[in-house]
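Next up: the structures, one after another.
Look for chain A in each of the two complexes below; its partner is chain B in the first and chain C in the second.
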Partner chain A sequence: MTEYNFAYLDEQTKRMIRRAILKGLAIPGYQVPFASREMPMPYGWGTGGVQVSAAVLTPDDTLKVIDQGADDTTNAISIRRFFEKTAGVAVTEATSDASVIQTRHRIPEEPLRDDQILVYQVPIPEPLRFLEPSEVETRKMHSLEEYGLMHVKLYEDISQHGAIATAYAYPVKVEGRYVMDPSPIPKFDNPKLEMAAIQLFGAGREQRIYAIPPYTQVVSLDFDDYPFEATKADHACDLCGAEDSYLDELIVDDAGARMFMCSDTDYCAKRRAQGHVGAQAAEDAA
Partner chain B sequence: MTPLLQVTDIAKFYGQRIGCTGVSFDLYPGEVMGIVGESGSGKSTLLNCLAGHLTPDRGSVCFDTRADGLRDTVSMSEPERRMLSRTDWAFVHQHARDGLRMNVSAGGNVGERLMAVGARHYGDIREAATDWLGRVEISVDRIDDRPTAFSGGMQQRLQIARNLVTGPRLVFMDEPTGGLDVSVQARLLDLLRGLVREMNLSAIIVTHDLAVVRLLADRLMVMKDGHVVETGLTDQVLDDPQHRYTQLLVSSVLQV
Partner chain C sequence: MQAAALEGGFQDVPVEAAFAFRQIMTAMARPGTIRAVDGAVPPAPMSVAAGAVVLTLCDPDTPLFLSPTLDTPEVRSWITFYTGAPFAAAKDAAFALGAWDDLSLDAFSVGTPEYPDRSTTLIVAVDHLANEGATLQGPGIKDSATLSLPEVQAFQRNAALFPLGLDFIFTCQHRLAALPRTTRVS
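Entry: the complex of A and B
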């Protein structure tokens, strides 16, 4: 424990990151450059999120880490252990008990409160990147609010698939100003971006931090005649029977039989503890 | 009558070398002006200065804006200039690849300018794209194909459709027929001439092909080593060239 400074990063680095976070909160949706550090894990494993978490953690915090909604995947467990080791903070799997939640690709189903912070891991922070490869040009487009190109992407979706087929990393406009990539969360989670908790986004490799303050207006881009739709698998969770949560689809045998289950493991477990039963669980009981 | 574009004493230097210097002219609505000259004579530099891609070292380029009348586009703020360049101005590049998004479908390419000025209705955008593909003689069933699957002539016509969809008043063209074979050139010129007349467009066409200006341009400006050496009505300049260089240029054209 004594080998590391609290939460691994040195104090100067944490101050630098906090300044970037404050700037991000002051300009919702704006990508603030920061001097991303090498972390003891590979890029793509959440180095940006880990640095943001390290900068906001205090010894009294309780940390929860999820990966695709689950608390028990390799990525989530390693990051949770990392902070247990380097910061000695309490950890939890219960959404409501956590004060800082680091997430990859999901927003918890349970509504968050205003004393919580949600930290996202972001692979590519620039929503315009795949259409405009030049960083100079995309920065200019952000500063001049030239966002027509974003709709070209949605246009292409409709012309090829008959509907907006972008299912994750669905672009949003924050507080009527900056167009932002909400990290690869499913578009089902987009409406939840207007929440009580502080949302911080960290991209380690791309060296960008951005933020959404509490209760900020976040609008998903769409066309008048093809409005935004938060989609999920048309099914109920086979374990807990929830019909309002985002589902993972699993193929369970060679015959192609499949089951659906909540991607948010904590939400599913809580519901089952409350006595909710899904189709599969009912079969097993019978 | 107010000129649409009023160019006064434009000069652009690349260090010691002259890009173009001392260029002044007025362009009136509905007028097409050709700029001819050999490679390196400064015609592309001049065009880029006029279109706001390069900042001239001296002079002013006043454009008759819809809102406030004549405004100097050189000293105008960048957002305003970029707004002009996607509404009232159009720029047709010599290589269609420079003016198109090659990884976006033809429909998306045409629709981009509409979406850039705030169109948010897919059906309307689609309809405008369909209409414009028809006007530039691209079969409507190619609307979802990418420009990479198009021939050179089709790419050039697509680039024109993409530029004209917002109803610009001034079109800058840099060698619009360069690199196309002659029969395709003829068809493209025919199309351009039709569109220019029909939409009452003003245009500035840079080319080294005298046939292009003969067909399209009302007026002609001949450039050599960064200077304008002769100006006048197209037929007058081509049929009775006064300057030595113009005489050389006109006599260099092969008669078939």
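Entry: the complex of A and C
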């Protein structure tokens, strides 16, 4: 026999991950420890997300993988090929065709449906880690619901910058209980965390799995006088003209000229196929 | 060991376990949703669904509690052969298997404040499973859902323990539904 076990991992490992996923769904926002395995890719390349995907995939699934919104980056392509080879699943770049979407640092622009699953790759799952390095302490803080330190951090943002300067990995409170790191998604994506799809988070190096069931209340932390704002570059996409999507800023020549384009490549491509034209594309056509 | 104990497991373990887990996960993520599983033929009185849940989730790492009516040599040897799960007292169990009237909820672990995940998941056999009766609200439920629960108060007490608490998987023939500790029952 030369083939891999279905979805690469051995069955006992998948059972262990599956049990962690169920407990994660039962305690939304709580980080469940799991015995993360070595994967055939380095830490930081999505080993947590890959293990969660491997435990969730069935042969009937269609998988989409994005890296900061893009389907065509090295990381996304290699993970997609990994599961094509080891699980024999169909793959797609279209958000609406996918049943499982593994993502690094973005939520697709297109609203997800209740038959879809979103798997996040998480580098540092502990939102309090940079404020309190001790795991013993942060675990105690979560158990006592002692989150004052996080508000102090946001307050220091305001006192230094005049606004909450945290732009990604913006902390949220899940179902009024656990403060959770939504992984380094831009805070523009935070309002989308309340969605119809199941959201699973895997941190391989840090050995944690957590989850948000569909329609779970997810509130971005803020203050009454400094309310949360889902910000993006004040611009439209230069390729498709979208004004409602999260944008990447690109320096395009030595003179410092720049352009903005949708970070979600599938969203942008679909809009262009529908005939939407942005400023840059119109210029090129002229 | 009787020959019957060597039959009734998944035929294609990785694939059948993957399909079964997706159904179990969907049920846990969306309380009130009833899903069907198959592939397991456990000895009576275990249902197909209870068998599939045990095959999918239990192994030598998960101490399992059997309620008295299920605790037969046939059930024990079937579970031992297919999963290797050690049998344990209620307080030490990661999973518990039995009929509702057979399980005394106070005996099981609800986790600790620092590790609320270290709580028992109960696989409860019910005679009737349908979207009627008790109203469910909470994470995983859009507005509200209904599920035929064997009782209401026990689940209200359990939900009040959040983030501690027990999680339930109800099995009836080849169908299952789940009720995590977050669900508010009325």
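Heads up, the rule we're going with is that the second predicted complex is superposed on the first by the 284 of 286 C-alpha atoms of A that agree within 3 Å, B and C clash if a C-alpha of one lies under 4 Å from a C-alpha of the other, contacts with A are read in each partner's own complex, and residues count from 1 in each chain.
As a working rule, a residue touches a chain if its C-beta (ideal position, glycine included) is under 8 Å from a C-beta of that chain, and two chains touch if they have at least 3 such contacts.
Because the structure is predicted, anything quoted here is derived from the model rather than measured.
In the three-chain model built by superposing on chain A, chain B and chain C fit together without any clash.
By the touch criterion stated above, A:L22 is placed in contact with chain C alone, chain B being left untouched.
For chain A, the partner touching the most residues, choosing from chain B and chain C, is C. Shared-chain residue A:T216: touches chain C; no touch with chain B. Once chain A of one complex is fitted onto chain A of the other, the partner contacts of A:E146 are limited to chain B, with no touch recorded for chain C. Of the two partner chains placed by superposition, only chain C is touched by A:P59; chain B is not. After overlaying the two complexes on the shared chain, residue contacts for A:I158 are found with chain B alone; chain C is out of touch.
Residue contacts after overlaying the shared chain place A:I107 against neither chain B nor chain C. When the shared chain is aligned, no partner comes close enough to touch A:A236: not chain B, not chain C.
Superposition on chain A leaves chain B and chain C with their closest Cα atoms 11 Å from each other.
Touched by chain B in one complex and by chain C in the other are residues 144 of chain A. Interface residues of chain A, counted against chain C in their complex, comprise 5-7, 11-12, 14-16, 18-28, 30, 32-33, 55-60, 114, 139-140, 142-144, 175, 177-178, 196, 198, 211-217. Remark: chain B residues 78-79, 82, 101, 104-105, 107-108, 111-113, 115-118, 120-123, 125-126, 143-144 touch chain A in the complex. Those residues of chain C that touch chain A in the complex are listed here as 13-15, 17-19, 21-22, 24-26, 28-30, 56-62, 94, 112-117, 119, 121, 138-142, 162-163, 165, 167, 180-182.
In the complex of the two chains, the chain A residues touching chain B come out as 131, 144, 146, 148-149, 151-152, 155-156, 158-160, 222-226.
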